[in-house]
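Dropping the structure in here first, questions after.
When the chains are written out, they are named A, B, C and D in that same order, and each has its own residue count from 1.
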Amino acid sequence: MSDLKVNIGNLTLKNPVLTASGTFGYGEEFSSFFDINDLGGIITKTITLKPRVGNPFPRIAETPSGMLNSIGLANVGVDAFISEKMPFLKTLNTAVIVNVAGNTVEEYVELISKLEDSDAEFDGYEINVSCPNVKEGGVLFGSNYNITAEITRKIRKATQRCVIIKLTPNVTSIGDVAAAVEQAGADSVSLINTLIGMAIDVDTRRPKIACITGGLSGPAIKPVALAKVFEVSKRVNIPIIGIGGIMNYQDALEFMMAGATAIEVGTANFIDPAISSTIVANLHNYCISHNIRHVREIVSSIIA
Amino acid sequence: MSDLKVNIGNLTLKNPVLTASGTFGYGEEFSSFFDINDLGGIITKTITLKPRVGNPFPRIAETPSGMLNSIGLANVGVDAFISEKMPFLKTLNTAVIVNVAGNTVEEYVELISKLEDSDAEFDGYEINVSCPNVKEGGVLFGSNYNITAEITRKIRKATQRCVIIKLTPNVTSIGDVAAAVEQAGADSVSLINTLIGMAIDVDTRRPKIACITGGLSGPAIKPVALAKVFEVSKRVNIPIIGIGGIMNYQDALEFMMAGATAIEVGTANFIDPAISSTIVANLHNYCISHNIRHVREIVSSIIA
Amino acid sequence: MSPITASLNSELIHNSEILEVRELTPRIFRMRFHNSFLARNSLPGQFINIKVNSEYNPLWRRPFSIHQINSGENWADILFKVIGKGTDELSRMNPGESLDFIGPLGNSFTIKPDSMKVAYMVAGGLGIAPMLILGHALLKLEIHPMLFYGVRTESEFCCLDDFESAGIKVHLATEDGSRGYKGFVTALIESTLRDMPSTTGIELFSCGPNPMLLPLGTIADRYNVPCQVSLETLMGCGVGACLGCGVKANQNELKYLYVCTQGPVFNSNEINLSE
Amino acid sequence: MSPITASLNSELIHNSEILEVRELTPRIFRMRFHNSFLARNSLPGQFINIKVNSEYNPLWRRPFSIHQINSGENWADILFKVIGKGTDELSRMNPGESLDFIGPLGNSFTIKPDSMKVAYMVAGGLGIAPMLILGHALLKLEIHPMLFYGVRTESEFCCLDDFESAGIKVHLATEDGSRGYKGFVTALIESTLRDMPSTTGIELFSCGPNPMLLPLGTIADRYNVPCQVSLETLMGCGVGACLGCGVKANQNELKYLYVCTQGPVFNSNEINLSE
């Protein structure tokens, strides 16, 4: 047996495999496929103060080794989340991280307060300052490190729970943003959210996504995500959660070697709903066959 | 017959299909595969003041629907370029655009002067301020729009030839850079150069590229490139040359619909050395079958 | 130490042996695979989501209705048309190879044996796919189904024998009049309903392109017959996670229903296909 | 108006019918395809660059030495080992399918019939691939080739019959001693050269992994025999454009040679394989 546990802030995950926000619903959707308690943790679809129906359709398109989405943060809103989704999440024996987004700094704080004041049981927050698919906030916030740092500071004051800031890759220097966020008190940074992308149906001359641009995810973006994780690992000391095109345990290893303490599986959940669990098992087998006692030994073990 | 001609600054290209710098050698490499005079033009491998051997190996790696490269601007240097490569380029009946890069603003100017003072015959410059694979200059310049604008201004003064500035996508706002470059007198902007990326061989724990990070190109980046072209098209009036993952004429159409007046074929040349010529033929057929009299009618014809 | 394996639900995640891939009419294939769980538990209208290769192009799985099941011989069929890369690869698979799919997914046609007397199954083009398993299920419940089946031209019909040998009466329509009624199958249904003294006890079960389902809903309303439609949309996941498969709910406030989990079968007046 | 087509050089760009794909020994395949240009014009050491599927995974073509040609029957062969995705796909192709490749590419082994008396062909593992076409070419020039061929274990040998039936004497080496000389083929060559009264007129032609070619160069120097080596590197294009296939030139100043166009065949003392 190898020890797969990793620490993110005050949280100990039973293994480094999380599921990425917006790709794993509220967990329940996948519970019929495998026992989600096998995971290190799950991250909910982004929750906002008010329910959102999301963007018009088509919202998704396939691209070479990737996909575009512009879901527009469709979600039930924080109240329904607490009353309808939390009861299932409470029954889980794995870390539950609530991903949240707001249109203004104040909205972030209000949202967190609502969750803090509720009797909801969960383990931490992932703060989405990087959604490319909303008009206000989102990637605009995430690419401005003053605002990102301000959000982080305010949230840090509002909760004792683990705070993970999810970063956008659509910036000149993700390292600067990560450093600012660390300074402002974040426990961890997760990256990357999607790259801004676009596709056109040449027969109709229309964009393949109703909102014209969307977020690119999947294997296509893995090299970009790895480079960003590596860059950030040179700039911060807080743990990094790697995201972007992870389809199997080898991909997970790449991210860990590049500097990630844990990883999130996103688009891959769509292709193989049980893949996150398979990655946990294969990571374990890898550690055993390579005589790795603690999975954290892999972190930043790149020979470069 | 349809009219495939397009204008870039004072240049009239016989069709919108160019070959991207660093993917088509100095033209000669491909002349045994097809008649390169069928192309709208060719863009040379980046030329520098001094010859460069380039980066250590491995320099290239395959990624899902893409590749990483870190060639490091290996090239014969401007003197050998003029004496050894120009004689062949002179014989061509297609636009020849010389791609140049320098480590400092002064180097760009010196390089241009050397070319201007020579009897070399060519039609324009593409200014590489966006190479991710060199320590100095390169993407560092390209992500700073003051420096990019300064380089543009100085080059604009030094030549009457067509000046195209090649932009990096590794920035928060490519639109801002493009607007600055237009203001500074560029005839055109071309985009995108490669995205910064990375890959690790998990068996050896070593980066797959000796220089650790490299530039990501190929179909994987097409959605990002299209979004950038579309973004820039809202910001400038000078013609845009679209680049990134163009593998066939449909991809070329996507870029033109999104706002590109011409396109460059890069990585695809490696997979099919005659693809640029096939794209010209298919573009022509497309225009005929769709009753398009002038190919420029396609530019920005997206219905959005 | 033996490798650790993830414990996955084998009732939903399958690798099944392909038994047959047959081109029934040009570009329309039937694929039969061994799977005792599906053969026993699939409901009419449910679908499976297939990974056509182990690559990332195409990235997503491809959804197909369950066409026919045989619990005695432990196989299930899908019926599909080659339209792009995914279906092309599927058509090139061979018996003995393994089919990677998840399912059965989605809800199913609701059959109410008490109130229903006659089931009109209305299929347009490949919408024929779920009608065979539905027809068989109706017959088991001793409801007599009739099939109304429209295509562009005669050569596109397929599986007619399967319906006829099950004792299901088939009414055909072709747009070019090459066989059966000349025109849309919706017009055929409408004229049938118009000629009925009473439509009480009739229910419509339909699958086909949206431009067919939309007028069908209107017709159903006009003649006051319940109408269930099975919808197709792009699907990123098939399991309710990507939120890419929405259709507008038929209500004042904007709301979307998700085809993979809340569908693919809807009552025609639950949804708004008009845009 | 008929569609415009690009005019491509049909001597370099090919779509050839596959005639046979045969597994000679476990995981080593020979593929034969119809191509009269290659059958007539390929030189020993040249290679072709194959697109294994029409997808982007793998993205690049895959290079393979020309193994054998037959100008009477208009076919050419490659010999390959399945090691990854590209070669796996190649091994699954079937006769009648079309092989998309460019070539012949690269330089070739230089044969100097005047100065050369004996040609020692030295192959390690899959380095055997170009040796058959080379052996045939040498025989045509009435130079007598001998083959020194090393693998890890006996079962990895292949094509021995082809050499023997051509009248080429074969000396085998296995690392585990299961057949022939026990040890590396380089040691076998060295002991052979050591035992020669004179090495004048002997030339080495070699192909195999770098850890074999490196000591071979040293041995060639020691016994003062010319040595040509055919190299393998990653190749992004095969046509001199990507600059991804470099090896260090053997000189003081750092310089790279590009294997696809300046090679794949080099004199062993032109290059520096030592890192």
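The working rule: a residue touches a chain if its C-beta (ideal position, glycine included) is under 8 Å from a C-beta of that chain, and two chains touch if they have at least 3 such contacts.
Everything numeric in this text was worked out from a predicted model, so none of it was measured.
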Pair joined by the larger number of C-beta contacts - A-C, B-C: A-C
Whole-Å separation of chain centres (CA-atom averages), chain C against chain D: 54
Distance from chain B to chain A - Cα centre to Cα centre, in angstrom: 34
Whole-Å gap separating chain B and chain C, where each centre is the average of the chain's CA atoms: 48
Residues of chain B touching at least two other chains: 63-66, 218-220
Where chain C touches two or more other chains at once, by residue number: 56-57
Chain contact graph, described as a line, ring, star, complete graph or other shape: complete
Chain C partner contacts - residues on chain B that touch it in the complex: 64-65
Contacting residues of chain A [partner chain B, same complex]: 63-66, 68, 143, 170-172, 195-200, 202, 204-207, 212-213, 216, 218-224, 226-227, 230, 245, 250, 253-254, 257-258, 301-304
List of chain A residues in touch with chain C within their complex: 22-25, 29-30, 32-35, 38, 53-54, 57-67, 69, 71, 74, 218-220, 247, 267, 269-274, 277-278, 280-281, 284-285, 288
Chain D - residues contacting chain A, complex: 56-57
Residues on chain D engaged by chain B in the complex (per definition of touch): 1, 3-9, 12-13, 51, 56-61, 102, 233-234, 236-237, 239-244, 246-247, 254-256, 261
